[in-house]
Structure formats: structure tokens, C-alpha cells
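Just passing along the structure, written as C-alpha cells.
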């Protein structure tokens, strides 16, 4: 079943808020997200700043101990301009780095959908005219966390959140732990483009059209967000420091290999150690994100 | 000028040891390295365990404040077998991860140079027969560190060392700070293959034939190892935690962009923030390695 | 004005929950807390596990940008037994530490108020009979965090939370940032005794009688929890890793010295550097706590 | 046997340098150290900057796997002035802290041995006249590290080094692992006073008279520096981040409790968890130092 949903309220936390839509396992949702500053497709500010979320979507049958599978069928900008902060966060640089830029104006990007490129509109000096390909992604999405928490969309955790991983792109399937009845799925913070780490604190922030299909995996328990695309399976660890994020992502991948690919602990260790690829997600937030990837071609049966 | 050098002594530290060879800026050295356990091309153990190094090579004219440029023209296994530890280091996993493998036997790989593949020779269960492509690299090289130090080849720092980055592959050019007269270049720890992080504590450890060309960049001062291949320029930060390694790599890249690409601090910030790619080097040693990369195509004039 | 308040509901998050009591600035509240497991003075479990909180208390006149001053006039166990976990958390020890204790039964302590001592009741081997002085403290308290968040009482942040610092003892005055109207003060997680770090994950967990006096400091803006007793002023940084917690605590102390003690940045640096004492609060939670202290005797005018 | 030793050479690394003195187990050495900048009792610069070390002292009979016990009978300034940097290191503060002091002149302290106080001699603004008690300690000492390494006295490790812990004061007994024949003991970097963390990068730097007695504990193997005074036993973990330093110190204390105090792993966990006190040593160097302490009164038989 397909639901066309036009959101009217947005949350700046991921939590057990009143559901705005109820869907069944297997249903598809056609919806939109507003940008990180609350601006919509028309450039009107209709939500709070700070990664306001569409949702939560209540998925029937989901409960604590299940996994929510979310296939992102489409993520695409629904307007032709986005903004970006041009300053690298101080904690990304050496303490006392004298080149630390203390103030900087936001830049506007124009998107040209024919050429598939986004270009800085004005901007000082060598910043003018910088062009990148349009490669849309969702920076922040997740299920309501445990214990009735409502957690700022500025950060992330086992439930997902602001992971800012460019691999959460059209066609990806995400898997999220379910902590509460209905899972309560939230989504937002679209980027037309983003490099590793989101070290500027933004990608090209933009509102999106999103089509996604949800499925409840009953009794399937996972510890951290996972994902899958044509080439890779991957896990996301969300914590500080980056070392700890890497630990969560790596242990979660070992759990996956043992539970679903028929490997024992030693076999999983060896396969992961011989083939792991790490991608840096968010390196800006209170929690950082490390991605642990394995090519499907190296998996048993792959 | 080309020097053919057959080493007879090996060091398990990088330091101000007696030079074994003196070369001029611009000279090429044709030499060999033994593997991480001290075994040579014939499978004889002729050096100490723990990444024994060929060298140091004294490069005439190099002194404190210069940069040593090292082009790796060739890095290729000089025997057809290598070894690998199959166990992920405990610190890579969540504290208390119950799947932590506490003991494991080393595995042997056979290399088939025709097919370009390395395959596990025996091994228990699903480990048997695992095959990876031969993609040689040097795990450990560097210049003698400052202050008369001699530092274990188990770790790394501003002078290089055990960075275990798979991008230090044939064709790459490395740049290293010079701290002492003659630079005193060391090299070793060849891997026929290694995934990100060297989280097993080894790649496929093997002895190598190496051809390299050195050049002294007078008065060129850098803070951390740098590299360049056909597609990328990159910097290496070596520290714990990974966050700090990332800070060093990122600040070093900003310094590079400002010194050599005509950007001011704000322009460098924006360019890096929009295009940075991070690769995880060593995540096993006392110091971890993070690589900060920029595609040459996005550089000014690129 | 004094309010005698007997709580009937408890929250396992600190957030913008419905106030259970409204008080004026300057008022005193005489109340109780239940223990970390939800057990009350009678040993009945009447609240959720995980540091259930009394409150929130709405303090009239408090709003974003103010500071809530809370003087803890009395914190004293209201029953004669408490429990303790005897196992050090794995992340407190070296990765792979072979002495890591994987399972352990909770221990019960008996409190003797005449002698002022708490003693293990039974317990295996050398654990039997371990005795510590009764030194009560509150492990977890705070104001509702920003952005409508509700955050688990298992962790901490700028709003306070589960800091587990033994200096939050009878007679201390705490200062907390106010993020929402009424401040919404929560308190719980009493310990009859606790060592540094709460590395067992518990102190001696017990229900408490608490008397506290609140005051709104209008227009006084602080960044992190602060405290004051007869001898010291101190700040609390709550984050991972401990390094970052130390950064927050240290910067917050510099802000305090500059705002209230008439020092410029350089003078504050020197005074802090010459006299700082660090105490380790919680080293168990998702966020760790570092305390930065200065003796009042070394303060200007001290 | 007592050796009166006047050093003439100093090392800026701790390593397997030529011994300057050979002593037997049980012997006492009466010697001096110069200050962190290389200045001696007369205020003459006779050694290199950066914590130049007296030594190494070869202790007969010591070899890999033993422990070197060093009782510091006396540590006392041998001149009446010392210097101090007044600026907190940037990494101690929040990234981007606007109060970060970027430049600052060294301050001179005058020592008055009658009153037992050290006072700033001049200095700007509120810094003038700051007075602290004379509480001498040694910031840096250690045995030659493993593998023939020579490591800068700016950092620390399992062998000791620049730990800057104010508990290494007159009367303390230190225990250090022995990695090489003769142990090769080094010492230097005296401070007339220092607060926690040495966050200024200096204490009051001064030259010292030192009397120490060494003893070889044959076959006694330890992993990290340990210490003992009248009230406490303690261990030192030296690493970044502070979390890891804490892990080493905590695990080393558990090993101590099990090896020497007759506790099993579970008993050691509980005793440490109930009584641990952490002190912050160096929080300035490439490696930080965390101290894990237990009061002797709580030890079995204590």
C-alpha cells in the first residue's frame, strides 16, 4: 500500500512523539522533508532549526526486539537551491591551529538538474563557483530511542539519528533497532551533496522528496543501524571518540556475520579483518559515526 | 644515479642509527625488505621480529626543516608466501564483546603471480581458501625522528613509521619531514594485501623488492607525512585516539592547501570541507593513522 | 517557604515532563528519592529501574538563560540497606584484560547509623564484611535539557544528569543551566558511599531523604554544572572521552573566573594552571564526568 | 653503599645510553638534576632543553622481567628560583575556546626556604605575587624502554617518563619495569610545585638535589610504573586518551592486588571499585598520565 503524506509538523528530537501517520509492514510512503534550517520546497521556514524531522511514522506490528527495514526508493531535492556553512569545526583541527576560521557566512548553492551539478552562488574569493555533483542523501533518520527518550537531532545513537553518512543515498536499505511499539520512524536533514565527516557542520542543506518502503523484521534484534546497497553491507557505530564508534560498528558487523552468514567468531574475525573498509560518517556532532563495510562479493555465498 | 643495495642489518626502531647507504638527492635505490617477522626472500629469519627496517639511508644535503620526497617506483613480493594473524585486536571491538577471539594460529598465504591472487593455505573452517588480490604496499617507513629518538617500528608519528596505509603502494610518492642530517630513511613491513585499519595486527606479511627514488626539498617544511598518487594528494595523522589522528591529518592538509595551492584559510576550509575523503590507516598500534585525501581534480588548477 | 513533597511518580529520563511541584525562588523542598532500582524507604519497588527521578520541580521565574542554584541542605539514607554491583565495567580495564570478571551477583550492604558504617551482608570470599563509612551523595540530578529533549538518567550532559560525583554531598550548592521555563529540576540515584568513577556501575544504592533550597539567578548564564562547598568551587564536564569532559570542565572554570572573579583570560589561565585539582566523577556512563576544582583559599579575595 | 655522583652529561631521551654510573642493588645515590630547560643550581645552562635527564644509572643484576624499586629519600631544590609558563595548553580547553591565551611570557618564582613558599617575581596584573607552598617532586624519570628505543622526555610510557605526578615526592617509592640489562635509570624535571595535570606545560621548573636508593626485585614483573607512600599504593597509566591511561592504571592495580595481596579477580574488582581514587598526572604531553590509588588502610592486612 502506498501512502502519500504531506507533513505539517516537525520535531527537532527523535522520540516517542504522537505518530503523524500509521502504515503497515510492507507499505510505501511518499513524503517530503524540509531542510536542516526548517525551510521547505518553497523556501518557506515552516519547521524549527536543527534537522527538523518528518514523522514519526507508526509501523504496525513493530515492537521492542524487532528490526525496522527501510528501503529508500527515492531521495531527491524538491527545490533548486541549498545552503552550506563554509567553516570547518574547530574540533576537526589541531588544538590551537592558527588557521582556524572563526567566522564565516553561509553560502548558497544553485542546483542545475540537467547537468546534475550544484554550484556556489557568489561567495568570496576562490569559493565562488565551486561545483559538485548532485548526490542526494539523508543526514538524519531513526526510530524512537529506548526508555521514552527524546534526543536532539543534532546527535545520534543506537537508534540512528544524525549520522550524516553519504551512503544513506537513494536505493540504500537501512535497518534500525525497534525500541517502542510502532518503531516511530523519523526522517529529515537532506543533503544534495556532502563529503566525509560533514566537517563543515553541513552538507548542501536542502528539502527533499522521499519515497520509502518499510518492513518489520519480527524477532530480528540488532544493536546498531545497518545498511545495504548493491555492493556492500555496512554497520554504523555512533559515539565519541571515533575509536568507540569504530568499536560499535566493528562488533555489530561481527554479530551480523555470525547471525546471518553462518560464520563462527573466529571465521567472522578473519573475514572482517581481511576485507573491512571503514567510511567516516559524521565527525561534527556530539556523537561521531563510523561505518564498517564489507563488499557483498566477499561474503559467504557472495 | 642508481644504487643496488643488499641490506645485512635491520633495525626494529626508526632512529639515528649508523647509515647503511649514502645517496644523493635524485638518486634511485634498488633494495629489498624482509617481512614483519624478520624472514627474507628465502624464508630465512635474518632480522629481529617487529617490522625490521632496511636502512637507514643517508640522503646528502637533507637537514632539519627540509622535506624528503620518496617515490616508490616498485614494491613487489620477492617470495610466494606470506603470513597473517586471523584475530581482530580486542581494542577494535566493544569492551567485553563476547565474540572476542582470544587465541588464533597464524595462517599462511600462497601467492600466485600469474593470477595475481593470494590464497590461504589450509586453515580451519570457512577460513580455508580465502583469496584476495595481490596489492602490495609498505606498512612502515620513515625518517629518523627528532631529538635523537629511536622509536619502535610498532608505532608511528610525525616522522612516519608503522602507518599501515594501503595507499602506500607502488607508484605513490611520499613526503616526510626531515629532523636530522641526512634524513635517515628506513623502510620495511611489506604487505601483499591489507584491508583498512590492519585490525588483525597484520596484512599478508611478506618480503619485498623495492625501488625508490629520493629527493631533498630544501627549505620545504611539513608537519606530518604526506603522499600523492595519480588521483589524490593526502596527509597522514598518527596519534591516539583516532580523533586526534584526524585532527593532525586535517590541519596538515589545510597547511598544504595554503602553502602550495594559493588558498587562504577560509578558502582552504571550504575546499577541504566540501571534498574531503578520509581513509583509516593503522587502527592497531599505539598510534593510529588517519588519512585525509583530496582528489587532484578538485584542487585549484586540477 | 518550605514544601513537604511525597513523590508518587518517577521518571527514568530528565526532560520536560509535567511538573509534580511548583515552588518559588528561595523555597525549600523536603522530599525523598528512591534508589537506582526503583526501591523506596520500605524496600518496595515503586518506580522504574535506572535512576528514577523525583520531580520535575517547577521553579517559578526560571527561564532559558538563567541559572538554578540548588543548596542540598540534607541528603541522608531513609533505610538501612543498599545494594552494589561488584564488577568493574570492561571499558574501565585494558581491552582483553584476562582478569575481566564477566558475571557477578549484587551485594547487599547493611548500614549502621550509630557507627556510621556500611558493611557487606554476606558475599563470597574476601568480599564478605567489607566496610565503608556512610558518606551520602546524589548521583543524578539536573534541569530539563534544551530542545524538548528527554534524556536517559543513565547519562549526563550540560544540564547535569548522572554525574556520580561524590562531592555532590550534603551541604554542597549546585548550579545548573536553565533551558526551559521553570527549570524543571529532577533528583535521584542516592548513594550511601561511592568511590571515584563509579566504576562498578553503582555506589551503595539507597533511597534518601533530601532537603534542598532552590534559587533562580536571573540572567546568569552558565555552560555546565557547577558546585561549591566550604572549601572549593568546582565545575563538571560531562562527555566522552574523559579528555573532552576535562576540556568542558576546564573551560567552564575559566569562564567562571573571568565572569565572577575579575580576572582576564591570561590571569584566569595562570591561576587555574597553578592550582587546579581534578576529580574523576562518573567513568561508567555513555558520558563521563570530570570535575575541575579550585580551593576557595586561592581565589581572588579568598 | 652510597655513591656521590655529579653528572656532566644529560639526555633528552630515555634510552639505552652509555651508563654514567654503576651501582649495586641496595645502593644509595646522592646526585642532582638540572631543570627542564637545562639550567643547573647556579643558573647556568649546561644541558639540552626539554627535561634533560641525569643518568642512566646501571643497576647491577637488573634484567628484563625484573622490577627496579627506587626510593626517593630526598628531592629538594638546590637553588632559590624557578620558572613557569602561565598559559594553559589549547588541548586542555574546549576546541575554539575564545579565551584561549595564545602567547604568554614565562614567569619567575622566588623560593623562600624559611617560609616554605614560592612567589611570582613580578608578572602582569593579578599574576604578580601569586604564592604557593614549596612541594618538590620529580616530573620525569624512568628505565630504558624495550627494543632499544630512546624516547623523548616529553612523553611517557610503560617505562615511566614524563608523568608529572605530584605524588612522586620525597619519601615515595617508585617501581619500574626493567627492559634492559642494568635497568638504566634516568631522572630529571624537578618541580618546586605543580598542580594536577601540569596543564601549563610546566610546574615551577627547578634544579634539585636528589638522594635515592635502588633495589632490584628479581623475577618480579610489572606492566606499568607503580608507587607507594605512607598512605597509598598507586599505579600510573601513560597513554592518550585519558580513558586509555585510566585503563592501564586500573588493570595494573588489579594485577597488583591479585599477585601480592591474595585476591582473586572478583575480589580485586570489588575492592578496587569500592575504594579507588584517581589522580590526574600529566594532561599535557603526547601521553597523558592517570594514577589509580588505593589507601593502604583498605588493603588486605592494611
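All chains are identified by letter, namely A, B, C and D, in their written order; residue positions are counted from 1 within each chain.
Rule of thumb we're sticking to: a contact is a pair of C-beta atoms (placed from the backbone, for glycine too) under 8 Å apart; a residue touches a chain by one contact, two chains touch by 3 or more.
What you are looking at is a predicted structure, and each value in this text was computed from that prediction instead of being measured.
Enquirer: Which contact partners do subunit C and subunit D have in common?
Expert: The shared contacts of subunit C and subunit D, listed by label, come to A, B.
Enquirer: Across the interfaces B-C and A-B, which one involves more C-beta pairs in contact?
Expert: Result of the comparison of B-C and A-B: A-B.
Enquirer: From the centre of subunit A, which chain's CA centre is farthest?
Expert: The most remote chain is D.
Enquirer: Would you mind pulling out the distance in Å between where the CA atoms of subunit A average out and where those of subunit B do?
Expert: Going by mean C-alpha positions, subunit A sits 33 Å from subunit B.
Enquirer: Can you compute the centre-to-centre distance for subunit B and subunit C, using the mean CA position of each chain? Integer Å is fine.
Expert: 47
Enquirer: Could you pull out the residues of subunit D that touch at least 2 other chains?
Expert: Residues 91, 93, 95, 100, 240-241.
Enquirer: Spell out the residues on subunit D that touch subunit A in their complex, using ranges where they run on.
Expert: 89-91, 93, 95-96, 100, 102, 241
Enquirer: In their shared complex, at which residues does subunit D touch subunit B?
Expert: Checking each residue of subunit D against subunit B gives 11-13, 15, 50, 146-152, 154, 239-241, 244, 286.
Enquirer: For subunit D, which residues count as touching subunit C in their complex?
Expert: Subunit D reaches subunit C through residues 84, 86-88, 91-95, 97, 99-101, 104, 107, 124-127, 130, 132, 193, 195-197, 199-200, 240-243, 246-248, 250-251, 254-255, 258, 262-280, 283, 288, 300.
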